[in-house]
Every structure is written in structure tokens, then in C-alpha cells.
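Two complexes come next, and they have one chain in common, chain A, joined by chain B in the first and chain C in the second.
Up next is the complex of A and B:
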């Protein structure tokens, strides 16, 4: 991790040190205003607030994850997003990026916690193993569970980056051998922002952190704790293929004429209608494309349990799992029960019409 | 497990199992019931069993002229809601996918706009049918809980489907879950409710027509 990433001071000072002009800051501020759906006039105020804001101390913890989240951020197409974000924060601990290792790295975390007690933000990527005391994921002899609890204790807020830390993600998928849980299942007394996605969009990670630094408060969150400016709309409502959906024009396979015409991918399993994220608006790789534009349906990766919600290629109205045998069994049992009921009715009828079987009149009944 | 996962998973599968069991149970029961042999001699000119049953079934689809004025309202409402429901169930691409998932067969769907208009008209017909049932003194008197229940379980999926598409009240995924649950409720109670007429109407009307045909009358 470069030195400047973890230096304290204001954002303005960091930008000057990096040789980033005020013009670039203004450009980024107007970009941020657009991302957050704020009026264009607010970009000036954002630039001013940003320049004077203290760089936010950040401790980044990586647990049961694939490093895709940090890769998404650091390899974002637009380097300005990545550079800008590292100017906004003082990254005091990040295992993938920091030079320090072993005890020195651990010391860096504890020192940052002590120096910024109550003021630092904890960014978490990856889910937390909880089974058997969390022994399935450890670093420096400590379980992720211990480190999270210890670090979160004096944190200002927690930013869960990625679907794993937000909702458990793939590690929590059935049969969840490590007892993986999202951060929110373990830490319940701190404000938590979930920036879900597998991986999350770099602009969304950066935009959320920028919002925190600029406004000094949490953005408005949805019912799953995700920032509304980025997760307010579902993919389907912003999808450029939507007119085809409304016309009932669906690609039936990935290479048929409909697919080549750019028709809707709903029948190929697209989960856009039930997935909230900014992919359809901000897009990936510098606004180049997003999965649906590249010809594949949305997997729903920013939603809880997306891995266990049936096949990615099964259309949304289809059942998550079939019940073929149970239905056949029900048909067989129904047939037997029906025939049995009719048989009982036949017996009753026969008994009723057989005089010898009719009940005898009890003695004295006519008196 | 989210509401949508519950609806798309255990709920709809359980409803399908109950539906299949119930329908087959009732049909088998009915088909194997003891029937009294008809010892009467068929009137001259009585049609063959199949043709008289089919002919009567078709004739039953429209009232005789004498009753036209009296039955106009219920006839129109009945046709609108039955055709409307058929178009919604078999014409909406999403529903065709649901059917394809179960039976493995599908066909092209209608545009969403057409389905939305048909759904609104169907809903209006359903409400009109309910209002008539509750205001017509005779109909009101002969109506039981079973009639209102059948109306309820058919109307609920129409309402929740429209609400899901229009993003009303709940988030889309939750309303979709409620919609699928409402369909599950309809399916699970179908065989034990008056909705069973969807199957039995063919049996009862054909049989009545056949009986009358033997007695020399064409109803």
C-alpha cells in the first residue's frame, strides 16, 4: 500500500500532494452529484466540502471472499474513481494492498483503531465464518469473527462491500459448511451500509464512501440496508431491452434470431425484475456495457440468497425446484383414494338396497 | 428465505401436489360412482349418446330467446370474466413460462399492454358478478360461503398480479411472491371448491343433455 493512502489530513491536502487539480476535483464532484442524483448545482458545494473534509480513516477487513470486490475497485476502468477514492480516505489497514505483513500488519490495525477510536469506518468484504467458533477462516491466529467484533467495537460505521459481507453470498450458499453469515448478523449496534454485488460496482463503492466523507452521514438506505441512490431501482425498470419485454418479444436461446435482435432475456432466466443495482444505468468498464447488454441475463448477484434461488437459466415464473415425483405420487394417491371412495359408496348403496342387511327395528320401537 | 423464494419453492409445489391429488380424487370418485341403469326406452329420434351430449353442451352456451333479456347481464359478465381469465392465464408470457415449467409445452404470448387491459376488464367483470350476487335477492339467498370463496380465490390472483406489474403497495419481488402465493391458494383449494366446475361442467352438462335427449327434448 502506497504511503499516501494511509496519511491523515484533509482531502484537499491529499489531492495537492497527488498533483490533482481543483478542476479534476470539480469534475469528480459533478460526477458524484450525477451518481447520487443530486442537482448539478450541488457539485460546487460537494467540491468545497470534499476539499476541506478530513480524510476518513478506513480499516478494510477481508474475510471469506475471493478478492473480487477489491479487484473491482482497484481495477476499475476509470482510474480517477480509484485514485479519487484513495484520496478521500486514509486506508490504514488493507491486507491485499498493504506492504506490511504478519505482526506488523496486525499492529497497523490495532494502532489505527487506537488513533481513530470511535471515528474510523470499517469496510468488510467477505462473509464471516461462525460455525465452531469461526475456526474455518482465520488470520494471524485470530478468527474473522473475533477480528470483526474487536474492530467494530469502536467503529463509527461499517461498510459491507459485496454480497458476501452484505448477505452472506456464495460462502453462505447451501450447505454453508462454515456457518457463513453477513456482518449484519453479527454486529447489531453499529450503523451498517450494505453495498452488495458480486462484485459490487466500483462507482457504487466509491460513491458511497464519497457520500460518507462529504456529508458526514449515511446515505438513505433501502430495506436491505443498501444506499438508495444506487439501489433504488431494479435492473428491469432501467433496462434498455424493456420495450421488447413489454411487446412480448423474448430470445429463446442465446444465439437465436431474437437474441441477435437484442430481444429481452427473460425467458433465458434474467433476474432483472427482482434485482436492485445500478448496472443498467452506470454500467461497467467506464460505462461500456453490463451483463444484459453483453447478451446474458442478470444473475441477481446483489440480492440475498441469489446462489440458492434456483437455476440462473430458469425463468422467474418457473418454480425454483420441480416437484415431479411428488406430483406423480399425488396423482396416484388421488386415483386410489377416488376409486376407494367410489367403492365405499357402492358398498353403502348395495347395503341400503339389500333388505336382509337393513337394520332390524328394535323391540318396542313401535310402542 | 424471502417471500418470493417461499412462494416459488415449497408453497407452489405443495399447492400443485394438493391440486393434482384433489382433482384426480374427485374425478375418479365421480366416474366410479354407482349409477342407476336407465331402463326407459329412448324416444324416437333421440340422438346417439355422444352427439346428443355434445349438441346439448353447445346449445347450453347460449340461452334460448325467451330468456335472453333476463339473463343478458349474467351472460355477458360470465363470458367476459371466463374469456378474460383464459386470456390472462394462457396469453401472458410469464404465465406461459410457468405452464412450460410444469408441462414442458409453451406458445407465444401477448404483449404486456394487452394483458393489462384484459386484466382490468376481467376484474371489472368479477366485481360486477359479486355486486349482482350480493344485490339480487334470489341469487343472494341461494349463495353460500362456497360461492364467495370461489370468487375470492379467483379475484385475488388477478388483483395481486395487476399490483405486481404496476409496482403498487409492495416492492415488485414481494408482490410477485404474494401473487404466486395467491395462485397457490387458488390451486390448493380448487378441487374442494366450486372451481371444480372447470372440469365438471363438461360432465354435468353433457349428461343432462343426454338424459333429455333420450326423453325427446333438446335443451
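Up next is the complex of A and C:
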């Protein structure tokens, strides 16, 4: 881990040290405003707030995980996103990235906890083994369970990155030999944000952290603790194949004519209608594509128990109702079907991302 | 670069003109009146509204090109141009790999991102001052070859 990643001071100072202009920050703020569905005129205020904000101390704990979540962030489409997010935070502990090892690494974690008591954010990727006292996953002679409890005690908030730390994920899948549990099952007295996905989208991880640093509070969360600006819409509502669903045009196999024409993958087991994430709008690899655009149905990886929810290739029971019916109404006017669904989703998203409606982090948040 | 090349799904929706360009144009007109009247600046995030590629192309063609254009090189390229309507700017930000990060219409005398930020100006002044001090301190050796 480069030294500057863990230096204190303000974001503006960090940028100046690296010769990054305020124009870059303003540009990034424009991007954030778009991501978070904030008013476009807010980008200047975001840039000013970020420049003056203290870099957020972050302690990143990796438990029963595959390292896909940190890979998602650090190998994101654009190095600039990765670089910018590391300017917003002081990454004081991260086993994969830090240069220190062994006792020195653990000492760094304890020192960061002491220096930023009550102010640091804990990022967790991976689920936590709880069976037999959590002995199935240990590091530095301590179980993950012990380290989580010890580190969370004086934390400002916890960011569960990935489906494993948010909901248990694959380690918690049947028969769950390690007694894997999500962070929220263990820590109940701290604000927890779940950024689910297997892996989560880099823009969503970065955007959530940027929101915390900029506004000093949590974004509005859905009933599963996920930030509404990113998880307010289901994949189906924002999918470019949605008009075909409305027209009753479904691919019957992955290589039939309908599939090649871009017809809806609902009958091939797509879980888009019950999956909330930003894949269909932000997309992966620099807005290049997402699984459905590549021809495969959504697996529902950002939802709890997705691994045990039945075959990925078995259609969901019944046709969608509820919010979908409103969209079907828009579909009746033909060409504007996509605009109708997108408008409805956007309206929800805009309502979800009003910073004034968000819960604050607890007293003591000094940002 | 054509607006059709800037990162959309290429699905059916992309080719459909929904009339959104006209709606956005009317909104721009309202903001422009406010700018003319009392200097109130505004911005419209083109990535936050359901515009198809066709809508975007229609809007770009309708607004046209004005007298000023600028290219910014900060965290990737940005293309900024004043449209044929004074005070209406099209701002398109690209990432380091050429993908569109943000795209907006700004209604302002000058877009914020073109102005030099006071913090950058201060840093530049300090750097120049140090360079001047260095030259002064070594003036003899420089003059003496």
C-alpha cells in the first residue's frame, strides 16, 4: 500500500500533494452527482465539501471471501475512479494491499483504531464464521469473529461490501459448514450499509464511500440496508430488453432467434425482476455491458440467499405484477415504453437520494 | 465523435426518438431566461433522464455549435462547447479509457470547470515563487555559465 493511501489530512491536501487539480475533483463530483441522482448543480458544492473534508480513516477487514470485492474496486474500468476513491479515504488497514505483514500489520490496525476512535469506518468483505467459536476462519491467531467485534466496537459505521458480508453469500449457502453469517447478524449497535453484489459494482462501492465522506452521513437505505440511490430499482425495470417483456417476446433458448434479437430472458431463468442493483444502468467495464446484455440472465447475486434460491435457469414463478403494471401502461404507447419505465425508476431514485432525508451517523462524527 | 458512439446499450430503445429532446430544449429555454434576468445558473444532467441515443443526437443537432469550444485534460478528456445559444454549454466528460462519465448541459456565462480554482491558483503561485527563488539564488552560477 502506497504511503499516501494512509496519510491523514484533507482530501484537498491529498490531491495537491499528487498534483491533481481541482478540475479533476469537480469532474469526479459531476460523475458522483450523476451516480447518486443528485441535482447537477450540486457538483460544485460536492467538490468543495470533498476538498475540505478530512480523509476518512478506513479499516478494511477481509474474512470468508474470494478477494473479488477488492478486485472489483481496484481493477475497476477506470484507474481514475480507483485513484480518486483512495484520495477520499485514508486506508489504514487492508491485508491484500498493505505492505506491512504479521505483527506490524496488526499493530497498524490497532493504532488506527486508537487514533481515530469513534471516527473510523470499517469495511468488511466476506462472511464471518461463527460455528465452534468461529475457528474456521482465523488470521494472526484471532478468529474473524473476534477481530470484527474488536474493530467494530469504536467504529463510526460499517460498510459491508459484497453479498458475503451483507447477507452471508456463498459461504453461508447450504450446508454452511462454517456457520457463516453476515456482519449484521453479529454487530447490532452500529450503522451498517450493505453494498451487496458478487462482486459489488466498483462505482457503487466508490459512490457509497464518497457519499459518506461528502455528507458525513449514511445515504438512505432500503429494507435490506442497501443505499437506495444504487439499489432502488430492480434490474428488470431498467433492462433494455424490458420492451420485449412487455410485448410478450421471450427467448426460449440461449441460441434461438429470439435470443439473438435481444428478446427477454425471463423464461430462461433471469432473476432481473426480483434483483435490485445498478447493473442495467451503470453497467460493467466502463459502461460496456452487463450479464443480460451479454446474453445471460441475471443470477440475482445482490439478493440474500441467491445461491440457494433454486436453479439459475428455472423461470421465476408467475408474471411480474405490481410496479410492472404501471410500466405496462406506458408500454401501451409503444415507442416510449423504455422511457416510461426509466422515468418511473428515475423518479424513485431521485426521491431516494435526497441527502436531507438521510439518517445521520451517530454523535461524534467529526468530518 | 458521434453521440451514437458514447456508450449506450444499442437496444431497441436507443434508436427511438421519444420527443425528450424537445422537452429538454424547453427546459433550457426557461433556465436561459433566468440567466439573462438575474444571472441564475443551472445544469441539466443528460445521464439522469431517459433519453435515447436518438434523443441525444436530436438535441445536439438542434442546439448546434457556437463560438467557443475547449478540451480539458483532467482525469481523462472532457469536451466542452458553447452551443449556438450563448450561455448554453454542452459538457461531456470522458474517463481515462474514453467512456462517458458524465454529460450535462450547463446554463452559465462560463462553466465552472473552465475557471481556475483558487486552490490551484494558490498552489501555482507557490510553485512559481519557489522557481523564482531558485533562479535568484543561483543567478551568479547561471550567469557565469
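One rule holds for everything that comes next: the second predicted complex is superposed on the first by the 317 of 367 C-alpha atoms of A that agree within 3 Å, B and C clash if a C-alpha of one lies under 4 Å from a C-alpha of the other, contacts with A are read in each partner's own complex, and residues count from 1 in each chain.
The rule is simple: a residue touches a chain if its C-beta (ideal position, glycine included) is under 8 Å from a C-beta of that chain, and two chains touch if they have at least 3 such contacts.
Since this is a predicted model, take the numbers as computed values, not measurements.
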Chain B versus chain C as contact partner of A:117, first or second or both or neither: neither
Contacts of A:318 with chain B and chain C, given as first, second, both or neither: first
Which of chain B and chain C A:75 touches, first, second, both or neither: neither
Contacts of A:17 with chain B and chain C, given as first, second, both or neither: neither
First (chain B), second (chain C), both or neither touched by A:234: first
Partner chain in contact with A:260 - chain B first, chain C second, else both or neither: neither
Touching both chain C and chain B, counted on chain A across the two superposed complexes: 335, 337-339, 342-343, 346
Chain B residues within the chain A interface of the complex: 1-2, 4-5, 8-9, 12-13, 16-18, 20-34, 93-95, 97-98, 100-102, 108-113, 171-173, 176
Residue ranges of chain C touching chain A (in the complex, touch as defined): 7, 9, 11-14, 16, 18-20, 41-45, 47-50, 52, 72, 74-76, 78, 91, 93, 95-97, 99-102, 104, 112-113, 117, 119-120, 123
Contact footprint of chain C on chain A as seen in their complex: 12, 16, 20-24, 26-28, 30-31, 33-34, 37, 39-41, 43-44, 51, 77-81, 84, 240-241, 243-244, 262, 283, 286-288, 293, 335-339, 342-343, 346, 350
Of chain A, residues touching chain B in the complex: 223, 234, 236, 245-248, 250, 266-267, 273-274, 304-305, 308-310, 314-323, 326-327, 329-331, 333-335, 337-339, 341-343, 345-346, 349
